[in-house]
């Protein structure tokens, strides 16, 4: 405990060579190796970071819970995290800020999503309204999939409290479904295509049903870093904004670059549904999640997200 | 050789005899491994193992990562993290174990804290460790040490206490220096216990290194498992998993060989049984 | 020798294991260079007495004085041969290392130590056994290794608990004579427990007879057979035969008093 | 007794430990109810011989025939008393359980077993020791517990390795006489290793003298002292003294031949 | 005897109290999100664990640990004896066994989910798969280390199998077996946490990890403290059993 405290109070920093725009600033960026992270690799490849005098190193992260401490100890300067853990962390008082958006859930609820609620073969479930009392697997509890699931269930007239939500990793979902260990699961690509190939029925697309048009993954940084290096923060936002626009316009470039940082096969990449890249974000986007988290009891008390967004002019 | 079935081997002819003796020793092993792999192939082939691929698919993937060289860097990182954490955990466990085994006072002073800390799950410390050391090798090492030190510590405490009283008297009456008592009496008497502790610690270190690399994730085989998992490259993921098992078997074999040499005097390893 | 001032004196030792009294007020002395044998029934408390003497166990009461100083810890000038010899040898050490054990603390060079070890092994009749492990030896050989360890140390007080119980008659006689010569040559004071009354009389200057349950000193019998002993001649002396019969009688009486064997 | 057909016969036993030959062509027999003592120098191979006899070790060559059948596994009608008595008692069992051990396989009821155990403990002079643990006892007491275990089993062949080495003279005499009575009463065949030549002659119908390194049978000496023995009278017989001297001489010769004690 | 016990207990408290004081002071002084002030943690602890959440999170975990450890002991000792007694069998199966032993638990999850689902059984299985090894290895080594003289006695008295195993082999190896069980206890707790990661919404491990993922740091600390306390109590219970069973060993070695 004592050591921890010492490290905390005397936090050294690896990133801040200097705040002046003329010198190159080295930053580490935490990303999960999924399609959404293509923007940072594109920005690197297209030289957007170099233009802003940023030397960016992408680092693999597994989950927000592990990435956010890394922001606090300056091991990472930015991380690509979905809105749900971001607001959860912020609501608990962690000094982090959202600097930019990376993507949104597709505004068109009828679009084809890369993730879907799939039922087990024998459950006979065809629509979300039949899921009362079911056991449903998601990849992580109290995360975006569970939020989407609960909202979608509410929309279909099912009390979310009546279902049991359990956590299972994506690769094991298909076998959990085929062996009837769970009634349904929210499966994402590339495993969604496996599930379809196995003949498992797709029930709905909960993300688009409940969250269409809402903010997807966002770029977050620690407040302390942003205070110390506002210029670097702005430079990063400018570069990533350009990259997001490029990604939105060039899906093939996204599919190509995914090959450099994921293990997804070319065929699967070609078939993958890409995120809806969009760099716009405002306080309301965040407040939507803050409110939803309260109603779904992910967090205990109301949270005002208005101060969470770090904007260029501040 | 077990105590019950102690049967001395006839002196036997020399070189040819050695070969004849070595072959029957490895043959059952190979046969059993083959049987296990065959069972896996049949089971997975029939689709009974869910997402688990067949050994053939896994072997192909394994050959793939070896052929394109992508296996070496994660393997190297994992092995060095393992080695460092194992050395630290063993050293700490041995030293503290000796003190606690030899001194009732020290034991009484610390038993509360030890029993308390021992049950704190290493994986629960991930966020703290990440906060303190980042997603680097240090973090995996800290977690592995935290998890593995107990095995050595406990075994050492018990081992130190298990010294034969007559042997202890013999040492006391020969006025051996403390150093000699430790090196020549306590250490060898405790050695069988410690050996078990080290073997356990080696396993726990590897498992925690891998688990930490998965959970944090930090570079190494564990991170490759995450990457391949997220990318849906399941045979490749199992190739890495099998690789970690193989590393474990190799580590264990090394320990057994070492033990045969170091503990040759122990009834479990004596060549000629009385 | 009885009139020299004692180098070793055991005063009013008392010891119990839980409720069981084992030693009750045991008192005797040994002069410098004196050979004292302790005899007494099995389970009387001889081993316990020796362990208190060597301060491997602490007595409940009473004290041991060695060369004028009360013994507070295992004394440096004392070597002990244990009754349970097989367990007093370390299975992980070769015979030579086992014998060398007490020499480690001395200022001898490695070569001198090796020489002493070899000499001690020759003395006990095991010149070629140095490289063996104890568990590769017969019981009697192990016992002799334990003796060799004490000899190599060249203590000024030698304490031995039934040291010759497991060796053959010939070796036993040789070892007895070796011990006597040792005493003569180096002036070692020797306290030896034995069940063999002939041996006790043959070796000692004084025989201490212990009675059992709890142990007290029944008698301390001087053995005026002179300092020159010889296996055949000494044992044929009338004085020897008388002492032997006397001690035998004493043990038998204290024995039958305390328990009955069917 | 020499002319009865042998119940136990040891034929051309041979055994080595690695390069070291220990037994070389050892052959002898024991008739039913015969008392055979084995004597020989320390390290000769007596314990090894007994272990082969009881099939606790397998010989490299030769065989042991018991009641007409070659011995292939530790035979049910045999009980063994080990030289290393302290290790042959289980420290986690009380004395009574240690003694009861071989009876567990029998068809006796619990009560009968307890009775036999108690009788055996009385026989060895430890009537009150049943509830103790072995490590609460003296060496001699432990040795007697080991003997009691064999007695309680009432075997038809009793094999003992220096069973009386650590007990006092009186108890030893009692145990010797107990063993003789046992043989007379139950017709047990006994093979006993001892270093005490007096004891060997006093007890045996036949003394086997082993020479050492590697062990061979130097002589099998019949002891025609009749079946009635008595500690004082028997040992005073001229025949006894003659035999004793003869065997002593034999051992000394084989001893000096094979090694030298300083 | 009683006095000594009390003195031991008192002495055992010194270090913990010191550490708690240190923790109290440093955590109150350092204003850190991840190391909240101890008084605050204790408040949360009192709120949560006295005794609202005990049936929800503590009982399921205890059930999993109890079952997992129980099965590990029975299986580990049985297999350990088998492998300890027979060189042939242990040589034969050792590569496969060691391979399984070094597989990270994640690898076995799909299999576990496929075979027995995601309930208590799966958690018990995961615990057994990890906790069995210290027991098995220690038993095996303990059995192999039995002094040959003991084997001689057993064979010459022709003990039947069960007597040989239960009255000789197991007691002789029991000091080693008990160290193994003690080590397993810690492993079992770690794996309980790991197993509650998946397919669970109850249990101590679930609570701690979920608190951590939810950035409810005081709650996480309170959970760890509770786990420490439970672990300590398990150790105490186990220590009592051991004290009783191994009395002969302790006394014969003193």
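By written order: A, B, C, D and E. Residues from 1 in each chain.
Just so we're on the same page, a residue touches a chain if its C-beta (ideal position, glycine included) is under 8 Å from a C-beta of that chain, and two chains touch if they have at least 3 such contacts.
As the structure is a prediction and not an experimental result, all values here were calculated from the model.
**Q** Taking a step as a move to a touching chain, how many steps at least join chain A to chain D?
**A** Each step joins two touching chains, and the minimum needed here is 2.
**Q** Excluding chain A, which sets of chains remain joined through contacts?
**A** If we ignore chain A, what remains holds together, so that there is one piece.
**Q** Most C-beta contact pairs, which chains?
**A** Top of the contact-pair ranking: B-E.
**Q** Counting only C-alpha atoms to place each centre, which chain is farthest from chain C?
**A** The chain lying farthest from chain C is A.
**Q** Could you give the separation in Å between the centres of chain A and chain E, each centre being the mean of its C-alpha atoms?
**A** 37
**Q** So the centre of each chain is just the mean of its C-alpha atoms; given that, what is the distance between chain A and chain C in Å?
**A** 83
**Q** Where the CA atoms of chain B average out and where those of chain C average out, how many Å apart are those spots?
**A** 48
**Q** Give me the residues of chain B that touch two or more other chains.
**A** Answer for chain B, listing residues that touch two or more other chains: 6, 49-51, 126-128, 131, 164, 214, 266, 270, 272-274.
**Q** At which residue positions does chain C touch at least two other chains?
**A** In chain C, the residues touching two or more other chains are 84, 87, 136.
**Q** Could you say which residues in chain E touch two or more other chains, in rising order?
**A** In chain E, the residues touching two or more other chains are 34, 106, 110, 113-114, 147, 149-150, 155, 212, 252.
**Q** In their shared complex, at which residues does chain E touch chain A?
**A** 22-23, 26-27, 29-30, 32-35, 106, 109-110, 113-114, 117-118, 197-201, 210, 212-217
**Q** Using the touch definition up top, name the residues of chain D that touch chain E in the complex.
**A** 51, 54, 56, 74, 76, 78-80, 82, 84, 87-88, 90-93, 97, 101-102, 104-105, 133, 135, 149, 153
**Q** Within their complex, state which residues of chain B touch chain E.
**A** Going through chain B, the ones touching chain E are 1-6, 25, 28-29, 31-33, 36, 48-52, 105, 108-113, 115-124, 126-128, 131, 147, 150-151, 154-155, 158, 161-165, 192-193, 195-197, 199-200, 203-204, 206-207, 210-211, 214, 222, 225, 238, 241, 244-249, 251-253, 256, 266-268, 270, 273-274.
**Q** Residue numbers of chain C touching chain D in their complex, please.
**A** 17, 39-47, 83-84, 86-87, 122-125, 127, 136-141, 144, 162, 165-172, 174-175, 178, 195-197, 248, 251-252, 255-256, 259-262
**Q** Spell out the part of chain E that touches chain D in their complex, as residue ranges.
**A** 147, 149-150, 152-153, 155-160, 163, 167-168, 171-172, 174, 248-249, 251-252
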